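Before anything else, here is the set of structures, which you'll find just below.
Two complexes, one shared chain (chain A), two partners (chain B, chain C).
What follows is the complex of A and B.
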């Protein structure tokens, strides 16, 4: 009897020990994770509180159009020193419009391009080429945006100014806006180049994880490679495409330095009615506005206006993650790796 | 239940560790500054050098705003020194003293391919307000076609001074390309034959600098006071500067190292 109970104890003890270590690690990691949650919550509350005066003074008109947004920013910056005379008047539409336009178009082009490129790399590319392309794509995904900005302003912007903008086109809008090469065209182009590698990397990994059997099954039914890709693999990786979309959009939304350098940095809403000139007109998204005006952050009403821009960015990225989660969930029944 | 309790304890411990980093009080005199964003970079450099030179004899606290914020703060006694990049106005509160500490020249610059000999205030206003949009209408210009304007972002001190010295009540053309720094304006004019902009004298290398009201824009003319596009940087005090602040202002105006710092991008006091 005694021997048996000793045995039992000896058997149990190590497992207890393991359990305790596990618990400790669990608690430590749990604490860290909740600290991050707390930080995020704190940040959101802080930004919203700081942003509040700008929103309450303008109401819903904050989101509307009216007047030159840059002149309004200047007036806010030059507010009198007395808090009750602070100027808050702002109509942020050109900035919101620029953010949505540049991000939307760049992400749309990137999705199409990245899916096609991903299929090529996984299914059609010769092995040697694949061995070169993949590391290059991953390297490109990690290049800091300011480098893209430099290339943009030193190479792409002068090219556009000299070859795509004629004197006649410049004159046609001279009294409204200045065409000097910095434009939404260059902004969208470089942003696309920036976010494509991220999307391609995610999509390639996802395509790899589609079980061979599924594609082989399709092939056995007499379907060609392209069609098997389209009907089987692509459907299976829809959640990964959504994930890539969310990540790329988030990066595009937050892109500040590069766009401030190449997109013109004018609080102007490009007019689609101008035809092709539309693409050569400058604009400035929210994130760039914050970066460009950081000199004046300590002027109270001006800083609060910048916080309002930050709040819009925060809310839209939160909304974006939520939409991505919802989309992945709706795909989850038929797809792979979804949870 | 216990698990979540434990993580809460961890969390509290972490927070307490963060909060309980006591700010040790010291007997050192503190000079507080607030005001102009264009003076602030120079004041920061001076403060750093001064703290090093006198081995931490004084502490600095610097807040930025507009020149008006600095002047209002100092007249109410909220700070020791208000930084101002504008001249005294009759509407300023009484009893404050403007101590000039440096000057800054703002030049009008064009591309090397399109040198302008001279611009008067009228020409500057009509070009930068957007009422003249073609080089054909600017006398003496070699370039033809549309003018490309490069200006600074609203919060920039250079923009503020340009508006006050050159533009008066005229507004800068809202379609002009805004740049976040002097360097970007310089780069943009360099690559654009139709470009014109304004920037600090220190950044005019590689550009053609126009005379303003017949006086060439350079440090010498700025120092002598002949060049009109000069603004002064002031340290504003309430009454005559006293104690540590007076010592520092004297150092800023007379010390060789301080003058060298000012000469990097600005026109020194001496």
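What follows is the complex of A and C.
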């Protein structure tokens, strides 16, 4: 209130000319800020319009299973040049399933691990270790995913191929899929290693910002350090945990290069009925599919199919940020201010 | 679990200590330990286990990359261009990707800083109408959450329009290629934008109101207050955001693969700004192409390039820490 009145005094006092520049600056900056909305609207419209033929030709069956998705993509790529003979037949279930499976499992493991590791760093770690591990976590959060992919394909994949996959296991599924070490197991593992530092960095910052008085109050009531962390600090930082969750899920959902390197790049839906072999079967999420096929974008029906994948990713990530915003909003009444 | 704990804690009153009891009294240390229930101990053990696992993982990743880098990195790799060869000893170095990374980062951040700072200033200092400000805020969040591969093929869609031909090269038939340093850089700017906006806003919000009031009292209007007072004070915040953004740009692969063409050598177009309109590669795409999943399959080169990339990221990270510590204006 005070600032507003002072503000008005300041605006009335100088000449009209100054007032007008001020107004112009506001309009200019406002227009700049609004372009970001235009950009998002443009992105959604452009991508959806481009993706439409793929959806309309398949209907809801687009999301279903049926046949080999890689063969279907090949047929689309090789479809005749006449627009009325374009092939669009696609059952994208294996790709959707792979995206949901790899992202979901990796994010779930990461949340549990990151919260525990964050508590360890803030409350229990020896001071010397803490001083080293915090910058290292920040560094790991910034390491490009392609480096994780490189380590994955040159170290983890050969290890899995030589030590975890026996000949018998290879033969047991040889008639459907080849096991060569690139698998959802490695994909989930590397993805977890990749997103954990991102979440830990946010959670540690948030735990630091919990007022000491709150934790001390809990301690004064006689609870131990662990329970003070669990009942006071963790509840206070729920918005930050949601923020970390959203950020990490967005990263995992959009991770293309690393997963195309280590998860097998085969449009295959791993079958949970195969027992432990399930984890050793390859898969390929949506984002990797787009990157792997980026050369073919100029083939009209094939490009439209790729934009359909992009549309799914775009819609789910937009939905994700909205869900995160809603979740933080519902917590913010009881906790530290939502960021 | 917690119900059991609750009933146990207040419980029936413990018998009063008998002063004639010869048994030793519980020491204060023991008393504190008796408050740790099984679930607390399990939780504590889990926290320790995760913490130690984190330390081991971090140490092994950093140590492994450092070892591989020292093993395979040679100085001439930094000064020679990549050549097409199946033999790893003849396939050259990665000068072009290194220059490509720097060039792309500069283009991306040069677009992201002015736009990001402008949006952040509008959001914190003006923000009217409030509804629009909230929309822009969530818009920034949506951009931050959009996968870079989606941004990449959206960029391709935009820059392949005929009137965007000046940004890349136009083929004989009039179809626009859409892939160049400029197009990739402008999409990279979108990756860095949320980080620049975020830390600029944080810096502007941390400037107390009385500083603005002092400026108004001296007869400055809002625009010149922003230019002369607020932005200089927010400089370290802007620098932090820009550095974080540069880290993200350096590390992105999807946009490079789709929008930069990821050609082995930098291939400029003719005419002014030919380099910027041409295609090229970056360290990330070089690592990807030389890994077993790419065409090159030269793991030694890939390790060496990954090490250089890691050093760049480390440097940027270090810079963020340094900027955060120094240049921070103190308001009293």
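We take it that the second predicted complex is superposed on the first by the 310 of 339 C-alpha atoms of A that agree within 3 Å, B and C clash if a C-alpha of one lies under 4 Å from a C-alpha of the other, contacts with A are read in each partner's own complex, and residues count from 1 in each chain.
Just so it is clear, a contact is a pair of C-beta atoms (placed from the backbone, for glycine too) under 8 Å apart; a residue touches a chain by one contact, two chains touch by 3 or more.
On a predicted model such as this, the values are computed, not experimentally measured, just so you know.
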Which of chain B and chain C A:317 touches, first, second, both or neither: second
Partner chain(s) touched by A:138 [first = chain B, second = chain C, both, neither]: second
Which of chain B and chain C A:268 touches, first, second, both or neither: first
Partner chain in contact with A:170 - chain B first, chain C second, else both or neither: first
Chain B versus chain C as contact partner of A:68, first or second or both or neither: first
Chain B versus chain C as contact partner of A:116, first or second or both or neither: second
First (chain B), second (chain C), both or neither touched by A:260: both
First, second, both or neither for A:327, with chain B first and chain C second: neither
When both partners are placed on the shared chain, which of chain B and chain C touches more of chain A: C
Which of chain B and chain C A:299 touches, first, second, both or neither: first
On chain A, positions contacted by chain B and by chain C: 26, 28, 30, 34, 153, 260-261, 265, 291, 294, 297
Residues of chain A that touch chain C when the two form their complex: 2-3, 6-7, 9-11, 13-14, 18-19, 21-22, 25-26, 28-30, 32-34, 36-37, 39-40, 42-43, 46-47, 50, 113, 116-117, 119-121, 123-125, 129, 133, 135-140, 142-147, 149-151, 153-155, 193, 196-197, 200, 222-224, 226-227, 230, 246-247, 250, 253-257, 260-261, 265, 287, 290-291, 294, 297, 306-307, 310, 313-314, 317-318, 320-322, 325
Sites on chain B touched by chain A in the complex: 3, 6-7, 10-11, 14, 37, 63-66, 68-69, 71-73, 130, 133-134, 145-146, 148-149, 153-157, 159-160, 171, 173-180, 184, 187-188, 191-192, 194-195
Touching residues (chain side chain A, partner chain B) in the complex: 23, 26-28, 30-31, 34-35, 38, 68, 70-71, 73-74, 77-82, 153, 157-158, 161, 167, 170-171, 174-182, 260-261, 264-268, 282, 284, 291-299, 302
Interface residues, chain C side, partner chain A - complex: 32, 35-36, 40, 43-44, 46-51, 53-55, 57-59, 61-62, 64-65, 115, 118-119, 121-123, 126, 128, 132-133, 135-136, 138-154, 156-158, 190, 193, 209, 212-213, 216-217, 219-223, 226, 244, 247-248, 250-254, 257-258, 284, 287-288, 291-293, 299, 302-303, 306, 309-310, 313-314, 316-317, 321
